[in-house]
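Next come two complexes built around chain A: one with chain B, the other with chain C.
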Partner chain A sequence: MTINKTQENGKLILAIEGRLDTTTAPQFQNVLIPAFDKAKEVMLDFKNLVYVSSAGLRVLLMGQKTAKAKSCSMTVTGVSDDVMEILEMTGFSDMLTII
Partner chain B sequence: MKELLIDAKTENLDTVLEFINRELEEADYPAKLSMQITVAVEEIFVNIAHYAYNPDVGGAVIRIFYIKDEIVIEFEDSGTPYNPLENEAPDINAGAERRKIGGLGIFMVKKIMDSIKYEYKDGKNILTISKKCLQGEVAK
Partner chain C sequence: MSIISVKNLEKRFGDVCVLQNLNADIDKGEVISIIGPSGTGKSTFLRAINFLDPPTGGEVFFDGEIITKRNVDTTRRRMGMVFQSFGLFSHLDVMGNLTAGPVKLLKTPKKEAEEKAEELLKTVGLSERAKFFPRQLSGGQKQRVAIARCLAMSPEVILFDEPTSALDPTMVSEVMAVIRNLAKSGMTMLVVTHEMDFARDVSTRVMYMDENGIYEEGSPAEIFTSPKKPKTQAFIYNIRSYNYEAKSRDFDHVEMLVGIENFCFSHAIEKKTANKIQLLAEELVINIVTPKYGACSLNLSFSEKLGAYELSVLYGGEGSNALEAAEDELSAMMVLNSAKEIRHEYAGGTNTITASL
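What follows is the complex of A and B.
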């Protein structure tokens, strides 16, 4: 998994490429959680995310909780059909802000 | 039948996922179904790696075979007796504030697979999951 960071008018975009699984989720967590100290708006670009397991979902939930606690926003974009099905199965599609 | 004998530790997850992916590719499963079955395998293997022998490391055996039009994946370990099916289901309708971190893995396995069965036999935890191949897929 690789994470590409871009900053755009105070918004931080994290583009995730590859697999978000038990092995890679800690790396994602280490980037996502501190992101809310740097930006009020964090956008996750999942266009090139090909796989997500519960370890990845756990980090997304932590991100959502951190965003709320710090009055920031976290949005998710570019979700593929395959990944969306996992998000729907677990109720994450309603919990997250997907655009 | 294909079989993988491996130390149950998360560092070995990639090897496990390669093993299952090679099989799903050979059997020509569609990408979406392959990904979901792979997720189920990851959740179960990681569970074994975290809990079966904690704090030690022990072995796990993963077997893949077919019964008629079903793919069957069996996980065996000799660790602490543990039935993951007794886990309480997470509330998937809860908002982020009330959501608990964790508990989703087995829930996802249940959602993805057609059947999931646990037994403790001869000092071994045996968890068996299966999923019907869709029409037009070649089962071996």
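What follows is the complex of A and C.
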């Protein structure tokens, strides 16, 4: 998995490419959680995310909670059909702000 | 009429009989994959057809004419062979390798042979390597040159003897792509191969070799989906399963996940199904079973009965359905929603959770 960071009008965009699973979730967590200290708005670009397991979902949940605690926003964009199926199956599609 | 006809072929090496009473008819344009366990005479069969290892019994006909030691050279010009170890002339550059045969054996004018060689190098994607020597090429490039050299003789049939076995896995696809294109062009081909994707997707007929001959043959669908004889079934089902032992809670997650990914890739499993398989394995083995029960083993195989993949996780202890007892509700929910059917069985001290896709 690779994570590309870009800034756009004060918004931090994290573009995730590859698989978000047990082995890569810690790397994602190490980038996502500190991101809320750097920007008020964090956007996760999932256009090139091909797979997500519960380990990745837990990091998303952690990110959502951190954003709330720090009065930040976390949005998700570019979700593929396969990943959306997982988000819907687990109820994460209702919890996350998907645009 | 068949282009190659083999009647009661026998091949012995001393007291060891490798092929016995082998019969086969190969028609023009057929692409035949020859598969089977090691040591069942697959390569010997090819080498007996073109008399590199002359048969010790029986007859081989090419285009209706019996092959004998006397006419074998003429026949070989019409029947090329590509070897596992390339067999290029190391002292000649790529162009020299491609033109030596046509110029010396077919008496083709050098210029004409070079023009044809340039065309062939284009088709195998090596136009810019004409002046390179074999030692300057990768394994995949050497094999592509070997195929082009074979084509330079304008053969009517090509025999491929495990053309990718000696290659680094990263180079297999470039060679297979050339062979696939050749198959599409209508060339008659016999390919001894371990590349099951090729055998299944490209061949017109598959021969499974065992017990000194062609043990079972049929269309790719017949051999890969519903093999009839026990040894074929064992071979096909064995290559269609993946097993992994998680020996403790701290087992190597990456090794298991990469193993499943490679299995899915090599069996050309559709991406969506492959992702579900990965998800079931990850949630069941890593998040549900090993944290609570320790060691377990995973088996992924194709169920002929269901016509679908099944993933089983086996673990010890008293009878307990790990999914019902799971503390990790998220993982359990993902497993239950990803599988078509889930069942738990307990027998002989072993729990088995099986998920069908």
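Here are some notes:
In this section, the second predicted complex is superposed on the first by the 99 of 99 C-alpha atoms of A that agree within 3 Å, B and C clash if a C-alpha of one lies under 4 Å from a C-alpha of the other, contacts with A are read in each partner's own complex, and residues count from 1 in each chain.
To be clear about the criterion, contacts are C-beta pairs under 8 Å (C-beta built on N, C-alpha and C of every residue); 3 or more make two chains touch, one makes a residue touch a chain.
The shown structure was predicted, so the numbers you read here are calculated from the model rather than taken from an experiment.
If you put the two complexes together on chain A, you find that chain B and chain C bump into each other. In the superposition on chain A, contact is made by A:Met95 with chain B only, not with chain C.
Applying the stated contact rule after C-alpha superposition, one finds that A:Lys38 touches neither chain B nor chain C. After overlaying the two complexes on the shared chain, residue contacts for A:Lys5 are found with neither chain B nor chain C. By the touch criterion defined above, A:Gln64 lies against chain B but remains apart from chain C after alignment on the C-alpha atoms of chain A. By the document's definition of touching, both partners, chain B and chain C, reach A:Thr23. Of the two partner chains placed by superposition, chain B and chain C are both touched by A:Ser53. Measured by the number of chain A residues touched, the leading partner among chain B and chain C is B. Residue overlap on chain A between the chain B contacts of one complex and the chain C contacts of the other covers 21-23, 50-51, 53-55, 57-58, 82, 86, 89-90.
The part of chain A that touches chain B in the complex is made up of residues 21-23, 50-55, 57-58, 61-62, 64-65, 68, 81-82, 85-86, 89-91, 94-95.
Residues 10, 13-14, 17, 31-32, 35-36, 38-39, 42-43, 46, 92-97, 99, 101-102, 104-105, 107-108, 111-112 of chain B are the ones touching chain A in the complex.
Touching chain A in their complex are the following residues of chain C: 253-254, 257, 271-272, 275, 278-279, 282-283, 286-287, 328, 330-331, 333-334, 337-338.
Only residues 21-23, 50-51, 53-55, 57-58, 82, 86, 89-90 of chain A touch chain C when the two sit together in their complex.
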